[in-house]
Structures are given as C-alpha cells and as structure tokens.
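So, here come the structures, one by one.
Paired with chain B in one complex and with chain C in the other, chain A is shared by the two complexes that follow.
The block that comes next holds the complex of A and B.
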C-alpha cells in the first residue's frame, strides 16, 4: 500500500507537470477584493511612505548619477508621461542610477529609476519615455502594493507613521521585512509575469497619450535582447523573455488599433540633453 | 471481556454501548474545517487560496492575496444519534428510542499565511473531530428476556469526550507558472475519555450494575502533500495525498460489573473487574483527494472534489464527494452553498452476525452569507448533516436496529487581510 501510494504521488506530480499551465492567476481574484483596491488618502500616504523606504534602499545600492542636466531632462520626460497615468494623488519622481547595468525600477508612491546603462542603449527620447512609462505602469497598477498588502490601518498614525518612527520594535521589524520583500521582487524574483505584460500595455497606452511613438518600447526591447552578460543579469532573471513581451505588445497594439505612425521620437533632443553626457 | 458478554446476554436484556463504537471513527468528514471551504461543502482542493488551504491543499496558499489571517469558529455544534425502538415497555408495548446527544462549542480553524522566500509560508490549527456527551437517562418498565422479571428501572449515564487537534506549518511554491506544490506537516493530538455507567433494577428488587471506562491518548503526524494546476484560464485542478501516522498511543480500559445474585451465582460481595492497557499504534488510511474549480467570473465560482480513503484492518475503503458554489451579490456580500457525502467506513450490517459496527452514510448541506469590508470578511454559516442506517447495539444479539444521525453547526467565521 505504501509503495502504491508513493507511485500515485509521483504519477500525480508527473501528470500535473506535463500539462501546460495556461491560466493566469488573476482569475482567482474575487469581487470583494475591489473593496480592497479602493484607496483612501491614508492608503496613499502609506504607499508613499513605504515607497520612500524602498527608493532609499535602491539608491543605497547604486547611488545617484550626478549630472543635474540629465536628471532634469529625465524628470521632464517622465512628467510628460506621468500626467496621463491617472494617479494625480502622487507626485512621480524620476532619477538616474549610477550603474552600467541595464534596467529600470519603480517603488510605490511614484519613485521611478532608470540606470545609466539603460540610457546608453537608447537612441531617442521615445525609448526613454517607454522605459519610464513601463515603470509608471507598475506604480499605477500597484503591483507591489497589492502583492505586499500595503495600506493604512486605522489611519497613518496607527500605521506606517509608527513604523517610520520605530516606536515599536516589532512594527519596525515588520516594516523592514516588507521592504526586504519589495527589494526581492525588484532584484531577484521579479513581478508576476502578468504584471509585467500589463505594465508593457500600460506603457504603450501612456506613450500614445503623451504623443510619443508607441512602438518605442518594442525597439528598446529588441536592442536589449541582443545584449547579454552582467549588464542584463538582473533584467533577465526578473522579467519574462523578450520575445514573448514583444509579441504580446505587438498583438496589443494591433488589437487596440493604436496608431504607430504618428508618435514622435525626439532623437536629436535626446542626444543633446542626455546621451552625450551619459556615454 | 468475552466472559462478561456471555454473562450479560444470558442474564438480562441489556444493551451496552461500548466505547469503540463512537460514530466519529466510522466517518472521515465529521466536522468540515474552515470558513469558506466548509461553506462550499468542503469542495476546496482546487481552490485553497487562503489560510484554510493549509488543511485542504497546501499548494493553493501560494495564490493567496498578500498576507492574510483567517480565523474560523464553529459557534455551536449539536449532534444526535437515535437508535430506534430498542426498548419496549412491558406494560404498554410502547417502543422507546435510545438517543445520544452531543453539543460542543468548537474553535474549528485558525490559520495565517505570509510571503516567505519564493513561496508562501502558513501555519494553522484545526479541529476536524470533536464530541462531547454528558447525559443521564432513565427508562421504566422495560421488557427483559425473562418475561416474569422485567426491568423496573434502567439508568444509563454517559460521559464521552473525544477531541482531535491538528497544528503545523505549511509551505507552497509555484514551480512554474500555473503549477504549484505545497506541503503541510501537521502534528496531531487525540484525546478520548469514555465513561459508561448503568444500573438495572429488576421487578423483584435485584439489580445489575456496570461501569465501563476507556481512555486513550494518541500523538502523531499528518503530512499533506498537494499540487495545483491551472491548465486553462479560469480552471483550477487540485490533487492531494495525506495520511496520519501514529507516533505514540496509550490506551486503557476498565470494566467493573456486579450482577444479580440469583442469576449469576454471585456471592453478596462479588464484583467482576477487568483492566487492560495497550500501546499498539492505530493504522490510519491513506487519503487521496482531487478537485476541480471553475472561476467563471469574479462573482461566480463552482467547485467539486472527490476523496478516497484506503482500506485498513478496521475500516473499509471510502469514497466521498463534495460540491459547492460561491456567488457574489455585490462587492460586499457573497453567498455560498455546498453539498457533501460522509460515507461510513464500515460494512453493511447483516442480520446473520453479531456485534457488527454500525453503518450510516451521511449527507450534508452547507450554506453561508459573508459581508466584506476593505480589510475583513465576516461570515454566518450553517452546516447540516443527516443519515439513516443500521446498528447492532445489543451485545451478542443478531437483532438490527435502525439508526438515525443528525448534526447541525451554526457559527461565525472571519478573515482579515493585512
């Protein structure tokens, strides 16, 4: 009987593993979670406070790229895209990380980072806008907020304000654990695949709304897909395969009838205000 | 013990409800565990996306939203076992039923799930079985095997306590998109005490008195291995394997008997006394459960499970089915309905043998209504179980009695998200 039981266990696993899993995990979400998604002002404050901690951790890892002209330019481009995000309750802040690795990061509350290495790969302002728009998408879709359950409990004074103040060691420890988990998502495990695909779609929409070439994200992904090594190590392990992302974006553009011949690229301005300082 | 049985059947018309015939051991789904899971008839193997998943299918907890805490409490459980027409009034011919009642306030489930490493870590406690009986009954003018010397008064006292507790950690991992595996390792503790006391007074003034006590304590492990797969959008499949392994068992029983002098040839102060102990470990069956869930929309969910318990030395193989649905009337209100079977692990009772275990297949319906806020959900529920079958409660007799069982649980469960 024991042997039969073990055989059944192994067979069960083999059968399950052999069948391709096609379902997206979001189908499990029940209607009452819409209540959970309803945001209050206190929730936004908690999101910003938490995001600030995550942003500080990211900056601590790489450091801020010190060219103020580039920083100003990146913020202008980011603001031009973020104004269409629908999150008027937060102020998006953009920064460049002083590292040659090719990547971009976002933290809840509107903190968006792009690496110097990523900018070096870009050819025009639309590609920069595309990368920033993808990260804005993660903020708008509240991917980390949902995954970690970041929200105010009984008001900020009972929530993250206490955590920030570290008035109780146990709450401070809990906060650190949440930040650790967020860093793990950004640098090790990555977002859920569906969250990445959705951020790509959000980016396409934001590019179109802000007047940029919506295919800029495809151009950028194609270029990065040809690069391998230490520069793309984190990007490769935290994101779905480039081919799949590009394919899904192309299908999304086609299904939604998004015009691809009207957006601007702003190549010359990008080179003058940004690229010549970074390279 | 065999001598005692012979004595009883030859002397008087009695029935002696032995401790090991508690119905709990004859069924595997005595108390459905959890809030939402039990409200859906226990059809949860393919859902399990909250802390209750630690009990039904630990693989599912990897799909729980964020970090959440679940607390479920059966506010009140009331169970009735009725052996029909087992006693006859020798004066009027009226037939009496013998009924056992159990009432209990049970903290049915507690669990928590948190993100941990690449997967989710859970911890839960469950009470899948609990019985409490404390009753005193007196019957008068009962017919006995000796027509000329019926039973003037028959007093039965019963005190039964039987509880099983599970507690332990769970861990689940999504090994590739849409395929998860999980393991729960429960420690279990079972504690049972049974005291049966009866006093018969015959019409001629003689009496018979017996006192039976049984107790055992059992410790062990119950691992639950689970898999969950989403082969299609909105479809989830679940599969689990589990078994209880006894690590320690301490059993003792004591019987004290004093029969009527005339029939038993007893001296005035003769008492029959028997005591036994055992540490033999119980053999529990393997359990395999499979389920399917259809998430038709964010407001409509159907699920169905089937479970199979293997045969052991003391129990037959058993199949049970579970089905449930969940409907959201709004973002704040959801209702659930469920149906399940709880088949007996004993063979059918035949009229040609004696001392057979009772056989009752049970059928249950469940229902609940939930109210949600941003961070919590509160549920009012009911669970009702019913079945009719047969029993042989007269030791050494081939007579078969009809047996009716019912159980009702009503209570409140809560879930809190943070």
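The block that comes next holds the complex of A and C.
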C-alpha cells in the first residue's frame, strides 16, 4: 500500500508538470494572452477613443492623401491582411499620408497609416501588405495600449469618461498628455526594440496567412535601407537598424519553416491601382 | 489513513483530467485557415470563421492541432482565444463639425493665402491648437471609407 501510494505521488507530479508544460508559451505570449483575456468591451472602446485622438494628430501632422481610388485600394489590401489578425473586435481603417517621408504609423483601435513616400519605394502589392501588416502587428500586440496603460478602468478615467460621456468640450489634461506620449513614441522615441521585432514577425505571419509573399517585408526593408536623408529621418530614429531587423526576420522564417516560394506579389495591380497615381 | 485517501483521490483526479484533457478554443479572427501541417505556407484544408468552437488535440510551438466536426488540422494560435470572442466594438462619434476647434481652424484657414506652403499652414495650426494639431475632418473621411466583407472576400480570392 505504501509503495502504491509513493508510485501514485510520483506519477501525479510527472503528470502535473507535463500538463503545465503542454500549455507553456514564452513569457511574452503568456502576458499577451493574459492581457487579451482580461479585456472587456469597455477597454476596447477606450482603446478606440484614444486611438482616434492619436490618429487625428497623425493626420494633422501630414495631411490625408486625397485620391479616393488609392484610399479604397489601400483599405482592401489592409483588410485582406487584417482578416487574419485576431483583432476582429475593431474595424481597421487605413489611409495614406500626404508626405514624401518614408514611414508608416498605427494608432490603437486599428488606425493604420502609410506615407506616400513609402508607397513610392514599393514595387508590388505584397510590399504594401507587408508594411500595413507590420503596423497591424503593433495594434494586435497592443504595444501602445500596454505601454501607456489604456484601459476603461484604472486608465485615465477622467479623460475617457468625458469622451465616452459625450461632452467633448475638451479631452482631459491627463488624456492629452497620454495622447502626446503616444505621438512621442511614434515620432520621437519609437516602440521598444522587441516590439518592433515582434511586429515584423507578425507581419510575416499575416502575409503568409493571407496569401502574400512572406519575404515582401525583407524586400521592402532592403530597399529603404539604401535611402538616407530627410525622407527616412523619423524612420531611422524610431526603429532598430535595418540589418538587424532583416536578419531577425530571416531567422524567424527559417526557424518556423515558412514557405517562401509561395505567396503572390500582385505587381501589376499595385501599379494600376496605386503607384501610377502616387508617383 | 484518511489523509492518504484524500491525497490518493487528488492524484487520481489529476491523472484523469490530464488524459481526458479536451481543451476548447474559439476562433477570434474574422477568418482562420486550418492547415495540413504546422507550417505557414502548407496546404489549406479548410477555413473557419470567427466564433467557431474547436477542440484542441495537441500543441506545437505557435500551432494547435484541432478537431472541428471530425476534421483535423493545424491552426495558428494567434487566431484563437480561450474564451468566446468579443463582437465588433463601435464607438459613436459625438463630436460634430460645430466644435469650437474646428470653427477656429476654418477661420484661420480662410485668412491664409492660397500661396502659403502646406507646411506653413500646418505649422500655424499646430501653434494655435496646442502641441499637435488634430485633423478630425480628415479622420472622418478615413472612418467613412466602407469596405464590405464581401469585397474583402473577393479581393482575398485573387491572392489564392
């Protein structure tokens, strides 16, 4: 009896440990899952309302590129990728910024922007999808939301309450400060390096899931890395070095056995629907 | 003796729960491909839609081996969640075009000559409206772009 009891104790520990290991992910993934599971509809509303304020300021910085045909096309490409993002609780909206600088931005709540300058560098639709997918990655991974603690409760409730209550005379001072912090992240300091690398990986995954060539992001980054000067000033100071990004993406693709001979580029459609108007 | 029996019961139930472990997850993306192998780019067997409940058979890195209506395959973990997914959240825009900041912007705009460079105009607006100028009019244009799910599906089909 004593021996049987001891055997069962050992079996129990072995089983318990294997059950824990089965569900184990890396720490970051667990934290992201935890964050996601704790979110409520009110949190998403707070995220969208905050994101709108940030988006409005991004648009205020550069202006909206007004070609409707291009806007619709960019939204189709973005939506085709976002469908696989896992953030089906928000409506992604995509727009082109009227500036020759080469960059892309995203705000919480699903607002994604790519500059005219960035599009001019691209050769095909897959590269456009890659840039949009990287920004979708920041939204999916909730990088700004986590960094600034954007929640319905425990966040800057006074500011959010004012907006959500519809008075809208002004967003609270604390809210404005948060919005300014978000703009600083986007235009001055950049995201954490690991957040950028993660967004690159998310981009590769989204490209592969939607049917685009997953190496499109590498092709785009290689081209941009050869450009310097005022056009890439903000990109250079807010992102890790191109070589490091490209290397990490290549390692990610190799380690995960991602097929690189499949996936479309859609060069002709990109030229017809987008590039010819932008250049 | 009683303590031993209790411990025994706990251990047996732990063992049983692990072997009968049938975790269910829900599709949280609008669309989720189920693949033949746990590798991006492998053959798509079928697609699942948001909200569909699937049984997890095993895990491998970023992948879950799942069973859905007796069909098995691999799904990327990013596309599922442990709880039923949230419906799409919309926010009713309460701000109207009569908002004071917008009115002030229009007045300022009218006073600037057509020859003013775009950058100068924007800089003026930035100074007059605080640290960063917010263009809600452009934001509305962006938010009013409407792409239907049917259009997205049709577009996606061109990528296959």
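Everything below uses one rule, namely that the second predicted complex is superposed on the first by the 227 of 279 C-alpha atoms of A that agree within 3 Å, B and C clash if a C-alpha of one lies under 4 Å from a C-alpha of the other, contacts with A are read in each partner's own complex, and residues count from 1 in each chain.
Criterion: contacts are C-beta pairs under 8 Å (C-beta built on N, C-alpha and C of every residue); 3 or more make two chains touch, one makes a residue touch a chain.
Note that the coordinates shown come from a computational prediction; the quantities given were computed from them, not determined experimentally.
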{"item": "Partner chain(s) touched by A:148 [first = chain B, second = chain C, both, neither]", "value": "first"}
{"item": "More chain A residues in contact [chain B versus chain C]", "value": "C"}
{"item": "Contacts of A:64 with chain B and chain C, given as first, second, both or neither", "value": "second"}
{"item": "Which of chain B and chain C A:189 touches, first, second, both or neither", "value": "first"}
{"item": "Which of chain B and chain C A:264 touches, first, second, both or neither", "value": "second"}
{"item": "Which of chain B and chain C A:128 touches, first, second, both or neither", "value": "neither"}
{"item": "Partner chain in contact with A:216 - chain B first, chain C second, else both or neither", "value": "neither"}
{"item": "Footprint overlap on chain A, comparing chain B with chain C", "value": "5, 8-9, 12, 16, 19, 22-23, 25, 29, 33, 36"}
{"item": "In the complex with chain A, residue positions of chain B that touch it", "value": "49, 63, 65-68, 115, 118, 175-179, 181, 225, 227, 229-237, 239, 241, 243, 286, 288, 295, 298-299, 301, 310, 326, 328, 330-332, 334, 370, 372-375, 377, 417-418"}
{"item": "Interface residues, chain A side, partner chain C - complex", "value": "5, 8-9, 11-12, 15-16, 18-19, 22-23, 25, 29, 33, 36-37, 39, 41, 44-45, 48-49, 52-53, 55-57, 59-61, 63-64, 71-72, 75-77, 79-80, 82-91, 93-95, 98, 111, 140, 163, 166, 168, 176, 179-180, 183, 202, 204-205, 208-212, 214, 256-260, 262-264, 266, 269"}
{"item": "In the complex with chain B, residue positions of chain A that touch it", "value": "1, 5, 8-9, 12-13, 16-17, 19-25, 27-36, 38, 146-149, 151, 153, 181, 189, 193"}
{"item": "Chain C residues touching chain A - in the complex, by the definition given at the top", "value": "4, 7-8, 10-12, 14-15, 17-18, 21, 28-33, 39-42, 50, 58-59, 61-62, 76-83, 85-91, 94-95, 99, 118, 122, 125-126, 130-136, 138-139, 141-143, 145, 147, 151-152, 155-156, 158-160"}
